[in-house]
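Residue numbering begins at 1 within each chain, and the chains themselves are lettered A, B, C and D in the order written.
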């Protein structure tokens, strides 16, 4: 990655709250430009209801060093794929309560179409590439690793679902 | 519109700055809900370069009462068209400098796909329905009403361009 | 009432070309939006106004066939450019 | 060197099922990611581990055919669920 590209990307993985808009507002002021006519800011939040179950809290497990590296790679790739000016993205790890922000993405671009497409591409790509795992805890006391199939002794039959 | 729907929509037309994220953060906290897993915040900003010309500033003229009414109607319509939880939108009028925010839209939704689609639909609909006019001033001293065709004595020939 | 009076508003480039933001027009009762536009475009008037200009009556977009009432506020709407 | 040693990491549900977050494995030199997975799944091992599990070597996603080196950090990656 060129230094110029790095100067337009800011990414981090954190245990600290991502709820405030202000930290992204500050970053956008720093890495955005007066040639950007559009800003898209996305937040993913812990929702009370998931697949019909009442969630009480979430715990995110992460492969920290790799997640940092992948998130940065994804955002630099977005700069190359889309006509965007700057990208900032962060993902939270650890314990999160309802309504808390788990992921946030800010994209600036000259034109809004590029901003919408890049923002969407980044969150979709995070969801397939970022080595982070969500452990959902429910109000009924149960918990579940999201995306993990139920594993039995005859697990190999389910292997295809992991690919 | 039902009262419930009104409670999930906030719209305004203003001469005051829309640059700060905080006013939208506050509104989202008020009208959003813990069932919303996604927040999409869009800002349109005054870009230095438009159609190859260096812009120095913009002046927005508006039909105030009608713009208020249309913006509210558009956002309520978004609630009916998309599965979204809340919508806040504001448009600035008067004189704006480079980088200043002219329009801002916050949408919360259970799922991100609805949020992205609703946010995009709202800005596109604003651009065709909101009775607001942009007077661009350029660094070379000229100025131009955006969207207005050059008008000559034989103007009716250009009438179709107004439809 | 044989005649009605409506308030006219000119926005954006129309205000500049008409050299006024507001005016009024007297029309026969039961006149339509189309009749008003025809009158405004008439001799010595706003001949640059497109025949099928976009119009709002009392803050709502209206068709050429919409009938006007005494006291209506009629706005002539150039191509919008918000956002 | 006839044998290499790699560090293994188990995340998410794999950590829970393996009852450990970290481990190490000894392999023949020139072993691949696929060989390591085969070893881990072997007798008395992590028989629930899917044959084509996603693996990262030194923080990058790797193919089953990737050759391992002594000291590599190999992570077993369950279906990711960030966002």
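Rule of thumb we're sticking to: contacts are C-beta pairs under 8 Å (C-beta built on N, C-alpha and C of every residue); 3 or more make two chains touch, one makes a residue touch a chain.
Source: prediction; values computed, not measured.
Novice: Would you kindly say which chain has the C-alpha centre located farthest from the C-alpha centre of subunit B?
Specialist: Most remote chain from subunit B, centroid-wise, comes out as D.
Novice: Averaged over CA atoms, how far is the centre of subunit B from the centre of subunit D? Could you give it in whole Å?
Specialist: 51
Novice: Between subunit A and subunit D, what is the gap in Å from one C-alpha centre to the other?
Specialist: 25
Novice: Report the inter-chain centroid distance for subunit A and subunit B in whole angstrom, where each centroid is the mean of the CA atoms.
Specialist: 27
Novice: When the C-alpha atoms of subunit C and subunit D are each averaged to a single point, how far apart are the two points in Å?
Specialist: That gives a centre separation of 75 Å.
Novice: What are the residue numbers in subunit C that touch two or more other chains?
Specialist: none
Novice: Going by the touch rule set out above, which residues of subunit B reach two or more other chains?
Specialist: Those would be 44, 123.
Novice: Let me make sure I understand the interfaces: which chain pairs count as touching?
Specialist: A-B, A-D, B-C
Novice: Touching subunit A in the complex: which residues of subunit B?
Specialist: 20-22, 24-25, 34-49, 98-99, 110, 112, 115-116, 119-120, 123
Novice: Spell out the residues on subunit B that touch subunit C in their complex, using ranges where they run on.
Specialist: Contacts found on subunit B: 44, 60-63, 65-67, 69, 91, 102-103, 123, 126-135, 145-148, 151-153, 155-156, 158-163.
Novice: Okay, in this complex, where on subunit C does subunit B touch?
Specialist: Residues 9, 11-13, 15-17, 47-54, 56, 59-61, 75, 77-83.
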